[in-house]
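Letters A, B and C mark the chains in the order given here, with residues in each chain numbered from 1 onward.
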Amino acid sequence: MDKELIQQIRDKARNLLKEGTVEGVIGYERASDDLTSRPLFAYSPSDTERLIFDETCAHNLVKYLLDKKGKKIAVVVKPCDSRAINLLLNEGQIERDNVFIIGVGCPGMVETNWNHKSETLQAKCRTCQLFKPVVYDFLAGGEIERQAEEETYSDITEEEAKSVATRREFWLEQFGRCIRCYACRQVCPGCYCPVCFAERLDPLWVGIRIAPEENDMWQTIRSFHLAGRCIGCNECERVCPVDIPLSLLNRKLEKDVKELFAFQAGLDPEEAPPFATFKKEEVMEFEK
Amino acid sequence: MGPESPFTPYLATLKTATQLTPDIKLLSVELEDPDIKAGFDYKPGQFALLSAFGEGEAPFGIVSLPLQKDGLEFAVRRIGTVTRALQELEPGDTLGVRGPFGNYFPLEDYVGKNMIVIGGGIGMAPLRPVINSILEQRDDYKELLIINGARTPQDLVFQPEFPTWMEAPGTKLELTVDRGDEEWKGRVALVPDVVKELAPSPGNAIAIVCGPPIMIRFTLARLRDLGYKDNQIVTTLEAKMKCGLGKCARCNIGEKYVCQDGPVFNLEQISQFLEQP
Amino acid sequence: MNLFASKDDVIRWLGELLKEHVVIAPVRVQEQTTFQPISQVEDVVFDFNNTALSPKGWFLPPTETLFSVQRDDGKVELVPTKVERDAVIFGLHPCDARGIALMDSPFLQEPSDALYRERRSRTALIGLACRQAQPECFCTSMGSAPDDPSNVDILLTEGEDGYIVQAVTEKGKALLPKGLAEYKGKVPAPPKLEAVPTKEVVSAMRELFNDPYWEQVADRCLHCNICAYVCPTCYCFDMRDYADKGKVERVRSWESCQSPGFSLTAGGYDPRTTKGERLRQRFCHKLLYFPEQFQDVACVGCGRCVRDCPVNIDIREVISNLKQVTEAKSGS
């Protein structure tokens, strides 16, 4: 744990609350296992003493800004998470003036589960090229220097090389385990439709059966709705209780969008995703 | 006798479908099995789940009178896929019926009382068997005041029965709409305001109120202003229901399961729920 | 009287059972252990922490067809699903067995759920006592224990060089292999677990209903369905029709009170719209409504929700916090 970094986060959060700049600060605190971390909503200056930051702070807290629309909120944001802020700004879901971004330089997150912390960096972190958030109001701890591997998509090219039948078999096997808990959707900053297609009855897109064909349909549409919008936080894969490798799907689409449109989601708040060159008014229309 | 699994509906035939309002149809259905038909005992306020096979099941109050066994009646308003499919059925088509479920209006407790029945829109559905039961045993009750509101004149649900209700002894039918049309000569007012205007006395009275949540809320407030006690005001609660049997753990409001403990409650009972509807 | 079976005896026995029964047992799938019908005894895992999903799915499957609708010349016939074979669930930990016993309350209450009742009466439960507890386990605070034989037909306890076999019910006795020797030794002591103040909190739940605590703790809840789907006692379900190429079935699938549209009616009314109200439903159902309805708390302390909640809403911590809230209230 970087004590100085944590102190900076706490000081900033405390001052923001004391001065009344924000109503709440969303950050991280120690989890009940005394080892990993979990989101913390701090509303009073004294709550800020519980704020921490270390290599277990994997959650993308930007998602919670969608619950706090219209309120002034500060949020602790890692470089990867910060792309979600740009996504939501671009899509008219949050207002820049309502959000105070406490950015942190990031050493990379390790694989964690409750009461388990491995030494291995998460795969997305090994290739992460961002050393500080793409957008922030205050940078705690300054920029970090570290080495990152190049994103080669080698696992994706390997998959692409396999026959359609082999891939189909692989995915049906994977989706056969899906229990439709929708954690992957609930955690995703890009998933915020008031009624998800998966629950829409009229027209019916996908039935309620928790069975390979429906699960397959569910994940196919989910991942396509995020094509060009997924910012690569990999929260969906991390929370999946049955370990479905969703990053393979998401990164395949990311790779295609990058190749076809030279676009990566969330790097620039001004540039709209290629499949989303609609206006805010149209988003509202679609949500009805 | 009945189906072995409580989830297997009784098969029934649609006898007639009558368009009551632009979006509400009255379905009259007959259970196929004569034994089941004979044993299908229900009371005003109870509900059944109707199946449109291929779409699913949804709950509806039984709006016919208990003695009526060859034509169970349901007022179905088109609001989703199941109700749409039910409305699309043709006479002679097969549908499913599960029930009767839930509790009922304790009409025997209201004997000797003045009855005020207040309904808005489709909320008149559960009230229709109440009104008709009172009219069946007219001497058992004192005055009957019916206040029926709807968005527009076409949306007044049980129009064919209005003449009977109006002509019944000791009975008054007060109609009101939110928006009139060229032909409408009656009231244009909200139900709670009509309640205020008519000010039915709370003395020896029971008020039964059903309708959209907003109408209920303001009507209850007006009744309280008039001096009605919570145990004099009765309503039905709405909840998402799937099983009807207390098994799917879905329809609860606080500790009460609407499908079993309800749907009929008086305000005194509701005020004691942990969760307020 | 306790009997003794070597591991080979147990494996042979399972092989025998497999001839006449569906045998559901813990197996490895990827990195996880989970209950599945097995095709060969070699796949069975004997030493495992609580499985990814609980064995409740055998009785209340994630998805099942309740009946199919057959149309013949305009005539409709409903053909209910039948339970075809006797089954054995092998290796349930005592918490999971108690979970099944708790599900009996709503499902066997008259009119009982036909499929559940059929499967339940045709399934024998062979439990496996826990020699080790995980940090997330708290069964002893929820009416069970690592060596609790109450809800199984046979309980196995791992001893030196084999298993101590205890036939609990007549059904269990009938299932035992012949020729096992009597076990006269001591049964190893179960692991000790930390206590959670369940009783105090259950009795105070009504007073806690309107406490601001619920909104606070729900702030970080994602309202996914993980906690309900991994839980051995959650039993909410949805029912809809499934129509495909002329085939029509009534299907039921798991659902959870945490999912956003759960209590929203077709007419647009929803008694629970805020995050706090929704999360409170989960805890109130477990700690208040279910106990009022069926006497028991609807949690067996298996720790799965603790292990799998992505944002660490830890039911033990919630219970402890609630106790503090109660104490603060009565103190002031």
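As a working rule, contacts are C-beta pairs under 8 Å (C-beta built on N, C-alpha and C of every residue); 3 or more make two chains touch, one makes a residue touch a chain.
Keep in mind that this is a model prediction, so the values were computed, not measured.
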Message: So using the touch definition from the top, which pair is joined by more C-beta contacts, A-C or A-B?
response: A-C
Greatest separation from chain B - chain, by CA centre: A
Task: Using mean Cα positions, find the chain sitting nearest the overall protein centre.
output: C
- request: Please compute the C-alpha centroid of chain B, do the same for chain C, then give the distance between them in whole Å.
  value: 39
Query: In angstrom, rounded to a whole number, how far apart do the mean CA points of chain A and chain C lie?
result: 31
Field: Chain centre separation in whole Å, for chain B relative to chain A (CA means)
entry: 47
Statement: Listed in rising order, chain B residues that touch 2 or more other chains are 80
Statement: Check: chain C positions touching at least 2 other chains come out as 238, 240
Query: Mind pulling up the chain A residues that touch chain B in the complex?
result: 201-202, 204
Message: Quick check on the complex: what are the chain B residues that touch chain C?
response: 3-9, 11, 51, 53-58, 79-80, 82-83, 94, 96, 213, 238-240, 242-243, 245-250, 252-255, 274-275, 277
Task: Would you tell me which residues of chain A are touching chain C in their complex?
output: 31-33, 36, 38-41, 59, 63-64, 67, 113-115, 177, 179-183, 185-187, 195, 199, 207-211, 238-239, 241-243
- request: Mind listing the chain B positions that touch chain A in their complex?
  value: 80-81
Message: Under the stated contact criterion, what part of chain C meets chain A in this complex?
response: 29-32, 52-53, 62-63, 135-136, 216, 219-220, 222-226, 229-230, 238, 240, 242, 251, 253-254, 259-261, 275, 306-312, 314, 316-317
